[in-house]
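Listed after this line are the structures, all set down as structure tokens.
Both complexes below contain chain A, partnered by chain B and then by chain C.
Up next is the complex of A and B:
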């Protein structure tokens, strides 16, 4: 490219770069800067404290609780939603009559706003009038109504179920598109070679979908890591921090405790975790398809 | 156009203009019509306007104020109760603190630490101060200043369901007056009426859970945790209180994880026998269960008294009242104070807002003046027994930060964690927030 052309190109993208810098780079740098301060709106302090927040964070038991919960609530719903979504995609791929209506119905949970999903599930889990309790008691599985969101043993699973319900249609949609893009010739060749349904699924379908599976699962994990709208209305990170994730913890520290320095430190470490996962994602979308 | 036609059109236009002006004059609020200058606007942040049950009442009260003070216009800022501290903190940081604020449960101490609130001793006269119960005033003090006045007296009292007590073979004329008697009655109810919860306490997430737990800590401890610069979570009386909560939860004698709304729903539908709540529970019960709308029906089924006496030997309830405060940077402090004083001391406000919302007037003289409106047995229990025994919770500027840890500890204990180790962990966590507090 000629020098003049390069100058022109730079001039045309400069406004966009400046906007991006203002929106992304400045807040990021500011957050990293705050993580080295004791910025606290209640105690009215804002001094440089070096790595004190990081040292304090690594000695804070809540950090490890939040880390484990963030990983668990990032990965477990993805696994559940993937299995259900893949099953739905396989079924819908075989159905021809009424498939349009069925696909529309199956997609519904994906279009419901997450905060609505949170309140719906919270109501369904209600310990006095919730439909979960009514059904389980009628079936004889429980003797008394249970506080699903208030018990450490059940609250994380109850939250995971809400995530799964929301995310399953995404997997269904993407994997169904993937299934329909597999050339018929490959399937037919496998049939001719005497491959059964399971063998076709394992040796033909799954390898063909490998890249889609990698992208969708990693994307879902990233979304789950950042999820706030489901978990906050449902549990606020409780009971006793059993569903506390980094997103909830940062919110609490920043907007309830106004401990901005510490909140920024959590945010920076959380960003590091997300960057690792994003690295996997970039590798997945940048990878080359293997020849069938 | 002929001259006559022109005159006719002009006359009709003049008549229409005069009519429009007349309509506008009637349509403009009365304060604008009778105030010489432009009315001074003050902002009033409150949760009453954000709740359907009370928004009509507070609006009526403000209308009465504006009628009496035509040169002051009150602009309401409705904020949900749970968001009050965070919203007001953000507004304070933005140098945009509302002129007057409805507060409660340690909010005055949190906001005063940020320099957001005015010292009301510079405004309140002696007659007004001496008309308020000293402990209620104390609840609005922070850093040696009086930063909030009581607006509505709503400390928690001990509610009991007479019908359920009778069914269980207990005498509703003698509700439990000690923790030992309460524990005994809870066991009796559980044995005879297994489908109801003998006892209820909020154990869900949120700072208010600590407020609800506090009277029980006061019953067990002469010096409850956080008082007098002591953490006090590992002292034997605190451990006893938490062990008591744990036993109740373990035996399914109380629901676990419920918030106040859940418990009120159960209480109103005869599924809870004993609980602590404010005097406004009466209105909530009848709104949930119309069977108890009439005073006689309510009084026949429900009673209220003081918190049972524990090892502490004295019955106390925690002061959980609605308060009102003024911004240290109010644009017109005189107008803001005029409004604040109206809300605290005006009979119109008591008639339109405080008594209908289920609270009690903050001034002793007003309690006497409205004695006919406070004649129900439960109201008399509040006036004569519960309010005089109310003592403040030892709030401090970082109370909200600490309350998260306190609620976590309570939730761990009611879910079966070891009491001693949980409280030791709580004490250690709070030591990080209060390094100057003694154990």
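Up next is the complex of A and C:
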């Protein structure tokens, strides 16, 4: 690289790296530091306590509740959205007339702001005026209106449905692009060999989409792990912690109880979990020199 | 494959219809609710079409609530953050694409891993930082935080877009006497415009979805953005004015939907280009 180019590269890359260092690396290191203290903004304590936070975290039953909820609310919506989005992609790939408009319309749930999704679903679940209650009662499935978000058995499922609605278009979009990149000859060869629809799907289409399926499913799980915008307005982690995820728990500890040391400890462990999943993602995109 | 009988066509049509309804009915429900009176909302909760069509919910939200302030704040913060994200990502993406830099692949992987970090965790330390330097309730803190939503992924996207621009074009410009910066500005940037639009859109949509930063970094109503505005106005209320809430929701969704309708092909290209090939 010529010297002039070296200066140019430095001048163009450095601003982005400095900003990333300020908003990612600095807070990350500080958070790890806080996790070894009893930093508390209300009691005004800030002493080094060693691994005390980690010890109490592992004996805190809420930790296991949050862990299970985070995993469940991360994976369940992904599965639902994947199945629906894949079906959408297959259908759109078959339709020739008006598929552009159709694609635009089914994409809409993906661009509706998440805070709107949270309130829209809350409204539809509402125990006095919610349309779900009206429909289910008319169909004879329930006898009286139910408070779906206030009941431990139904609240997690109700939240999952909102996530699925939001994420389905993302799968459709990516998988449709994948389907369209499969060379026609491969499919035709399978037809000539007498493969039926399901056989083509299982033995030809799915293997061709392996990479994109890995990327989209892992990304979605990570996004769900981190989601706060949908879940907080809908349940705030309730009823009785049935939808308490790490992101909600850290928020409560840090910004409602101002117990920053403990919040940081939860955050560090959660980040460890995320790094494992991110590792899978990086492997799926094939490591070094390809765009995600 | 191409020869299909009538029953298969009908089946595909029915599935398409079901999926379309699933996607659109909640949005339709939101729009119609925003046009109802409060009396009708409680009197006939299952009715799809408004019996009496009225814009009163919109009028109430616009004239008698803090919604316009929240909306303006959201636009200011998100537009500024998207512009800065595009600028930083374009510069860095260009050099990451064009130069051999030691440790580049590790750096790029590190940047991508950042996009997976949970905001909540970053927020703990940044909250303390902003608080110490009296930056809570300022656009500075909000814009800086909102860059977190898009910057790492944007660097990756821009790098991919630059890769797609042939090197020869620039070299020709440099032979004609342009310096590298000039070549970037005059030759590469016009060719990357679709990519820059995609990045801006991605950053804008990501920021428009944020709740936790805006909720934590602002306490004064004058600095509040829409998502915390909604939460602090409507969560936990005994009787919610759903028609007003839905009117607000329609107005909050409109910008992202409009922007998306006009620019979707850029975003779709940007998101799918890298993931599909290879």
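Note that in this section the second predicted complex is superposed on the first by the 267 of 292 C-alpha atoms of A that agree within 3 Å, B and C clash if a C-alpha of one lies under 4 Å from a C-alpha of the other, contacts with A are read in each partner's own complex, and residues count from 1 in each chain.
The rule is simple: contacts are C-beta pairs under 8 Å (C-beta built on N, C-alpha and C of every residue); 3 or more make two chains touch, one makes a residue touch a chain.
As the structure is a computational prediction, the values presented were derived from the model and not from experiment.
Colleague: Quick check for you: in the superposed arrangement, does A:109 touch first (chain B), second (chain C), both or neither?
Modeller: second
Colleague: Tell me the contact category for A:188 with respect to chain B and chain C: first, second, both or neither.
Modeller: Once the two structures are laid over each other on A, A:188 reaches chain C alone.
Colleague: Once the structures are superposed on A, label A:255 by its partner contacts, choosing first (chain B), second (chain C), both or neither.
Modeller: both
Colleague: Looking at A:42, would you say it contacts chain B, chain C, both, or neither? Reply first, second, both or neither.
Modeller: first
Colleague: Decide which partner touches more residues of chain A, taking chain B and chain C as the two options.
Modeller: If we count touched residues of chain A for both partners, the winner is C.
Colleague: Answer with first, second, both or neither: which of chain B and chain C does A:127 touch in the superposed model?
Modeller: It touches chain B, and chain C stays clear.
Colleague: Thinking of the overlay built on chain A, is A:23 touched by chain B (first), by chain C (second), by both, or by neither?
Modeller: Only chain C is touched by A:23; chain B is not.
Colleague: Of the two partner chains, chain B (first) and chain C (second), which one does A:149 touch, if any: first, second, both, or neither?
Modeller: After superposition on chain A, A:149 lies in contact with chain B alone.
Colleague: Should A:271 be classified as contacting the first partner (chain B), the second (chain C), both, or neither?
Modeller: In the superposed model, A:271 contacts chain C only, not chain B.
Colleague: If you lay the two complexes on top of each other, which residues of chain A touch chain B in one and chain C in the other?
Modeller: Correct list for chain A: 126, 128-129, 236, 255.
Colleague: Any idea which chain B residues touch chain A in the complex?
Modeller: Contacts found on chain B: 85-86, 89-90, 93, 110, 113-114, 203-206, 252, 255-258, 262, 265-266, 271, 397-398, 400-401, 404, 407-409, 411-412, 415, 417, 425.
Colleague: Within their complex, state which residues of chain C touch chain A.
Modeller: The contact residues of chain C facing chain A are 1, 12, 15-16, 19-20, 22-24, 26-27, 29-30, 33, 41-42, 45-46, 88-89, 91-92, 94-96, 98-101, 105, 107-109, 111-114, 116-129, 144-145, 147-148, 151-153, 155-157, 159-160, 163, 179-181, 205, 208-212, 215-216, 226-227, 230-231, 234-235, 240, 242, 245-246, 249, 252-253, 256-257, 260-261, 264, 268, 271-278.
Colleague: What part of chain A is in contact with chain B in the complex they form?
Modeller: 41-44, 61, 126-129, 144, 147, 149-152, 235-241, 252, 255-259
Colleague: Sort out for me which residues of chain A touch chain C in the complex.
Modeller: Touching chain C: residues 1, 4-5, 8-9, 12-13, 15-17, 19-20, 22-24, 26-28, 30-31, 34, 84, 87-88, 91-92, 94-95, 102, 104-109, 111-116, 119-121, 123-124, 126, 128-131, 133-135, 138, 165, 168-169, 173-174, 177-178, 181, 187-188, 191, 211-212, 215-216, 222, 225-226, 228-229, 232-233, 236, 246-247, 250-251, 254-255, 260, 263-264, 267-268, 270-271, 274-275, 277-278, 281-282, 285-292 of chain A.
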